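Shared chain: chain A. Partners: chain B in the first complex, chain C in the second.
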Partner chain A sequence: MKVTAVIINLLYFLALAPFLEGVMRKLTARIQSRQGPPLYQPYLDLLKLLGKENLNAAGHPVFRLAPLLAFASILSAIALLPLAGQSSFLAHSSDLMTLIYFLTLSGFSILIGALASGNPFAGVGASREMMTIIMLEPVLAMTLILGVVRAGSLNLLTATAGVSSARGLSYFLMMAVYLVALQAFVSRQPFDIPEAEVEILEGPYIEYSGPNYALFRYTLNLKRMFYSWLFVVGFLGFWLPGSPVLNLVVQTVLILVLFVLISVVGATHPRFRMDQALRFYAALVLLSLVAVGLGVRGW
Partner chain B sequence: MSRGEELVRWLEKELGGNFISAEATIPGRLFIDLKREALSAAAAGLMNRGARYQVGVGYDARKSGQGFGLVHTFAFDKDSLLVALRTFAPGDDPEFDSLTPLIPGAGWSEREYQDLLGLKFRDHPNPRRLVLSDDWPEGIYPLRREVPHDLMPPAAEEVAFRLDEAPPGTSIVPFGPFHASLHEPAHFSVYVDGEDIKGCEYRGFMTHRGIEKLAQTELTYNDVPFVAERICGICGSVHSVNYAQAVEAAAGLRIPRRAEFIRMVALELERLHSHLLWLGVAGHLIGFDTVFMQAWRIREKIMWLAERLTGNRKTYGMVIIGGVRRDINQDRSEDIRAVLKEVEREMLALEKAILKDRTIHRRTRGVGYLSREEAVKWNLIGPVARARGVDIDARRDHPYAAYDEVQFEVPLADSGDVWGTLVVRVKEVYEAIKIINQCLDKLEKLPKNQPLAVDLEGPIPSGRQGLSLVEAPRGEAVHYVLTGEDNRPERWRVRAPTYPNLQAVPSMLLNNKLADFPIIVGSIDPCISCTDRVLVVERSSGKAKLLSRQELENLSRGKRSKK
Partner chain C sequence: MTGTEALWLSLSSLLLSFLVTIVLGKKVRLVRLTGTILISLGCFFLAWQGVMILGTGQPVELELKLAGIHIPVLIDGLSALFLLLLSVLALGSTLFAYGYYETTETKIVQKVYLALPVFIAGLVGLLTVDDLGPGFTLAWQLMAISSYLLVRWGRPIKFSRRPALVYLAFMEMAWVLITGSAFLAKGYHFGDSLAAIGQKLSGSGPVATAIFLAMLLLGFGLKTGIFPLGQLWIPGAYSTASPPVSALLAGILEKTGVFGLIRIFFFVARGAGAGFNPDLWGQVLVVVGTLTLFIGTVQAIKQSDYLRLLAYSSIGQVGYIVLALGSSLLAWHSGSPLAGIIFAGAVYHSLNHGIFKSLLFLTGGSLLHATGTRDLNRLGGLLAVMPVTGVLAALASYSISGMPASSGFVSKWLMIAGNFLAGKDSLLLTMAGIVALFTAAFTLACYVKFFGLAFTSAGASWKLKREIREVPGSLLVPKIFLAVICLSQAFLPAVYIRVIGRSLAATEGFLLTGVGPESLKTNPIGLRIFEGPALLAAVAPLAMLVLLLVLTFLARWLRQSAGAKEVRVPAWLCGYQDLNKNNVYADRNMFSDLKKFFRWTGANKNLVIDDDELPGSVSREEKGVIS
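Now for the complex of A and B:
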């Protein structure tokens, strides 16, 4: 039964993530006075890519390995999640640190894939991606640590619930920081800098095509959904009903609302330059540290 | 005494026996013939008197026994005067003084004729082979009379242009030949240190179509406007009107007033949709696709309007020598007014959104900066120059068609960066709307059902020179026509506005961030296909090692002999 819960976890994410991208694309299109693709378009895109010949453009085994590693690590991260307020079957052998490791590994896989491709645009994209990971990972960690401080446990269920257990100054500050960082977590404007199509032609992914690329796309979709999910469960967890089914429904609706927000912000902002974004990220990291400090003081 | 008379008097005195003749064909044009020994002295004198260099025109005049002709044109913007200096060199000794050491903007023109006509330029600082493709055989000069227009030498395999090595401490990021931010083929080899741009090498002119040669060998006077219109994918009428004006000036034709206003409507409609296109592209280049989509949605109304007026979204096919082909009647006039009103309203909303957006300010202010002095030194034109406080606009300074009868402002900015070009272009949209409305007022008052074009009374005499300017959306376009026999021009030279503006891009890029590359190149609104009538190579950062002409030859020969 508990294993089934993990499978449901994975299926829920795998099934919904491309749909959320569809929502984002449709909304962006409407804001731009366009018709936009149907909501199910991302599924077709993935299917199409998966059906193509798998080219190893760089001729390097790492190039082929990177998308698999990225996809596998994001799936592993998802398998640990306490979906619908239920602790994961894997919770006894994992905790918050494991989650952070898997997330970092997934970002790291994109880096090594980009570097293995040997393309100068991928190189620039990788260096931008690396800076983003270095600057933003602490914001994610601090959010979870705030929960740990509150709950006194590294268990994922209690830690995520801990974030919103007391809604004082630290809670609101961290929520604001996370909301801004979310736009960068999901790499949408103004923070889609590592991919920046007109500058570096999708950066890390430039040499990727077919199934390899499909895996990266899917990873990105899952990641976006994960970060939105974390916001909903972490900061709005106190809202969620106790019944697992109802809980899941409310979660899904809230994630959708969050995606609407992401799309609107993305469609109404130009892209920052890396140096401008870095200053922004630095402020976010500092503020998240302050929030944890406040949390420790019990504010 | 007018500026023209003063110049002639000075040249006569200064050059003595080297001065041959001067002719003022129409007001505002002065054609001067010199002996070639006096060319540098005369050009230096003009520059010292505040002239702005425009373009060089070389042509093959061996049939008439004059050898090779070379014309340099200069503009005195304050005095509404264009001066053309012409010299000849014998066919067996086609060597001229290079003006490039004096006027950097002359470099491209001279290198063009080095390859197309086999002219030689003494003391040219950078006499690299540049006009022809890398596998074009030595010793064949395509603009010479004996070379047929459809000559296709066999392509050589594996002959590639050798780009310079990156300066130490930098690496190369190749923007081109095809890149998402360049909408036409061009190659910028950008030297970066981290994300800082430390220099760049430009290699362009990959879409050479030999249009000038075609006009001189295959087409007739009245065919050319339709080909000229196809030089550019956006501002076609600029080239057809410009060519027609040059021929009309040479032939001494005066076209109906009504036709002049109709030409102006076509030109200003093009400016409108071109600026909206640029605004959209600029948005796209800084990752703001909503601006892109909205600007193009507004632009679409103008495209549909153009289709109703002329039958085409662009490439209007309106211009012939002596006038235009279609009238703008009352119905169409009202249609235009309605569309313009709508466009103006939507544009105001878009402008408000753009000017208020702080991120757009951050991405464009101080980016691609070039000082006013640099802008003058490189002879920059159009919005690129006006964003740097250089107050020039051919519509006001050298009025053509009926621009002297309409009122409009020439918007200026002094920030010298991408933001300045954005502001200038947005303001010009409103000025274009103002001009079109005034044209429509005049058209409604002018007598109707009159012929829209004058007929030629006889063949256009050969050997006459015509020089015309049109302020294209990107800046001043220059057309030079020398009339010839067989009902076609002896020489027709097109200088698109991107030609001078592109030469300054490497200076604009220096010490900016890689992420700003697309918007900086985009800020000049480069029209590669206009510029690429011929093929040119330009080296820029000044630090990198140059490949000499001889080295390049050895390179291509070495490769070929291996086969």
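Now for the complex of A and C:
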């Protein structure tokens, strides 16, 4: 029974994540006056990739291990989430810091896979990806810490509920910062610098193809959904209904709305340069520090 | 065999090793062999003594009389714990040194084996003497002079003279500060025990106490490497000494500074009574620790010399410990039971960092042994030729980055989580916790760079003239030994926390009273590491590992589900040419925008000179980096 709860967590994310990418692709295409692929295209893409040859440019075991670890660690993070207002079965041996480190582990796997491939484009991509992780992880951490400061516990359920438990100045400031950072969390324009197709050819993923690439693609989809989910549950959590089923439905609708927003911003903005983005992220980090400070003061 | 006898046997083995080296003279093969055996024997007795004291829970108090001078000796639970760490690290380094010095010239080897036992004996002394007078001076000078010589003999003299002298100068400065501080206690008699100094301090007023503590913070801080003092000597000394010695410097020498800070702020200060302001000193330690951990780690990212990278990162990791000591004081002052948890985290991190940083330095030693270069720009793709070293390096890098299911995760979690919860009403603690968490990502970046560019990626086969092979078994065994301990620290945190609790229970005069094994079990943080039966308590990190493994197998199944075949292909470079030494991604390009952004943190000079190069002939500049 308890283990099924974890499985429901995983299934919810696994089933929905590619669909959200479909929404994103369709909307982007429409904004750019194209027809766009059908909404279920990402599922087909994943299936197609799984059937292709697995090209290995490195010969390292690390190159082969990286996609597995990236996919497994993002799923581990998802398994810990209090979906639909229910504490996870794993909550007693994990907490907020486990979650943050699992997310970092997922990013780290992509990097190490990229470096293992030996391709200089992948190297550039890995370097950019790591810089993004360094500068953005604190924004995510501080959002949750705002909840910790309010709730006085590192348990994920209470901490996420804590974020929106008092809606003062700190809450609105943090929400604004998170919304801007979201575009970078999901690596869409103007912050898709680590991948930057036209510039460094998908950076970290350049040497990956077939099933390995499918795992990375899936990881990216799951990550995007995770960050949107966190916004909905963290900042709009007070507004979600109590019944688990209804809660899940409302959550899903809100995540969809958020994806519409991400797509619109992504389709209408050009990409930043890395040094510009770093300054931008630094401002976000400082603002979220201010928000936590206000939170400690009780505002 | 009692604890005291074991200590004497240990010191005698070290002395014997020193004497035998003199007698054997130029027969270096024999010198290495007997030195290794005798020092290992010394480590064994030392460990025995530590286990005896932790086992019986009885501190040992002695009064040594040397030529009419009385030296008080106190070996309590805390000393025993650090002595255990010392014995493990000294054993690892000594075994490693046996293989490492095989190809070194005769004169150097002879001298190293004279200095090494003296150095270890000095460290034993620092952890056992109970004064700031003659005994402390003896131990400190043994430690300082022998390690100065070891640093000096670590590289050709043209590279080592300056860093070694700087190192000695700062060690002597620290000695002056520490021994001088005690004279501020009213009625101080040169050679008083620490407890007596604490009591005399209570009569000397708050100003004298404050200056006393400030001098000791500077003195021990110099040794621990707090910002900005650590930056003055640590990078030079650690990258100059040969790696088995650096492993000891970073693993335990630094920790004796931590030990000193604990002794002062959690023992002596208690005796000072009203003159000691825990709120003020807690804040000072928190600010200093936070600065140290942030700046040290950011500076580490900028290094292409992997030994310097490890050195700067040591400064960063020690910052975590100092921060935790400060927040523990603050939490205790506000009556929070979190004080004990944060303190246990600090001690645990000292043990963890000792092990994985030694392992990393021994990895550095293996790289130096196998490739002859200390420049990450010239390495790459070593995992294929040095698989065992590579896997062990991955474990150590993973642990120091504090990723889940690693030893670094447990101790950083204790410290940072404690900080956030204790900081519920304190802006300072919350901010310090955030910086600490932020810095964890920098640490990760640092070790992604270290592991990624040395072991994965590509390059060494083109950029180095020699053929690279895996290091011999004598260099692998000590690393495997440390790696096993590192793994046990990750998966048996409950056992280690219990041992820490036990050692505190066997320590008299501890400031945070009641922080024995019992109170460590009641844990106000969400995670139940300490609660419940020992078996259950030990499995929390294991549960996370199992989760990760199960999901990895799921991913593997998914990858195989359509029966895809793997095909080996060359790297694709837009159709231009094959991968070669002109187009691989070199270390200096890594994080170039970030390095520019954090230019203000210093240590930007990034010129690596190998032993066989002339300082003037090297001109690998930072121009034209790819970002």
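Here, the second predicted complex is superposed on the first by the 299 of 299 C-alpha atoms of A that agree within 3 Å, B and C clash if a C-alpha of one lies under 4 Å from a C-alpha of the other, contacts with A are read in each partner's own complex, and residues count from 1 in each chain.
What we mean here is this: a contact is a pair of C-beta atoms (placed from the backbone, for glycine too) under 8 Å apart; a residue touches a chain by one contact, two chains touch by 3 or more.
Predicted model, so just to flag it, every value in this text is computed and none were measured.
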Is A:P190 touching anything from chain B or chain C once the two structures are fitted on A? First, second, both or neither.
first
Quick check for you: in the superposed arrangement, does A:F231 touch first (chain B), second (chain C), both or neither?
neither
When the two structures are overlaid on chain A, which partner does A:Q32 contact: first (chain B), second (chain C), both, or neither?
first
May I ask you to decide whether A:L69 touches chain B, chain C, both, or neither, giving the answer as first, second, both or neither?
second
Considering only touches as defined above, state whether A:F272 meets chain B (first), chain C (second), both or neither.
first
Between chain B and chain C, more extensive residue contact with chain A
C
Answer with first, second, both or neither: which of chain B and chain C does A:F13 touch in the superposed model?
neither
Contacts on chain A seen with chain B and repeated with chain C across the two complexes
120-121, 124, 127, 201, 274-275
In the complex of these two chains, what residues of chain B are touching chain A?
171-174, 179-181, 192, 194-195, 283-294, 297, 357, 359-360, 362-363, 513-518
Parts of chain C lying in touch with chain A, wherever the complex brings them together
380-381, 383-384, 401-404, 409, 413, 416-417, 420-421, 423-427, 430-431, 433-434, 437-438, 440-442, 444-445, 448, 451-453, 455-458, 525-528, 539-541, 543-544, 547-549, 551-552, 554-556, 558-562, 564-574, 579, 583-585, 589-594, 596-597, 626-627
Enumerate the contact residues on chain A facing chain C in the complex.
47, 50-63, 67-69, 71-73, 75-76, 79, 90-98, 100-102, 104-105, 108, 111-112, 115-124, 126-128, 130-131, 133-135, 137-138, 141-142, 145, 148-149, 152-155, 201, 206-207, 210-212, 214-215, 274-275, 278-279, 282, 285, 289, 292-293, 296-297
With touch defined as at the start, can you tell me which chain A residues reach chain B in the complex?
28, 31-34, 120-121, 124, 127, 189-190, 192-193, 196-201, 267-276
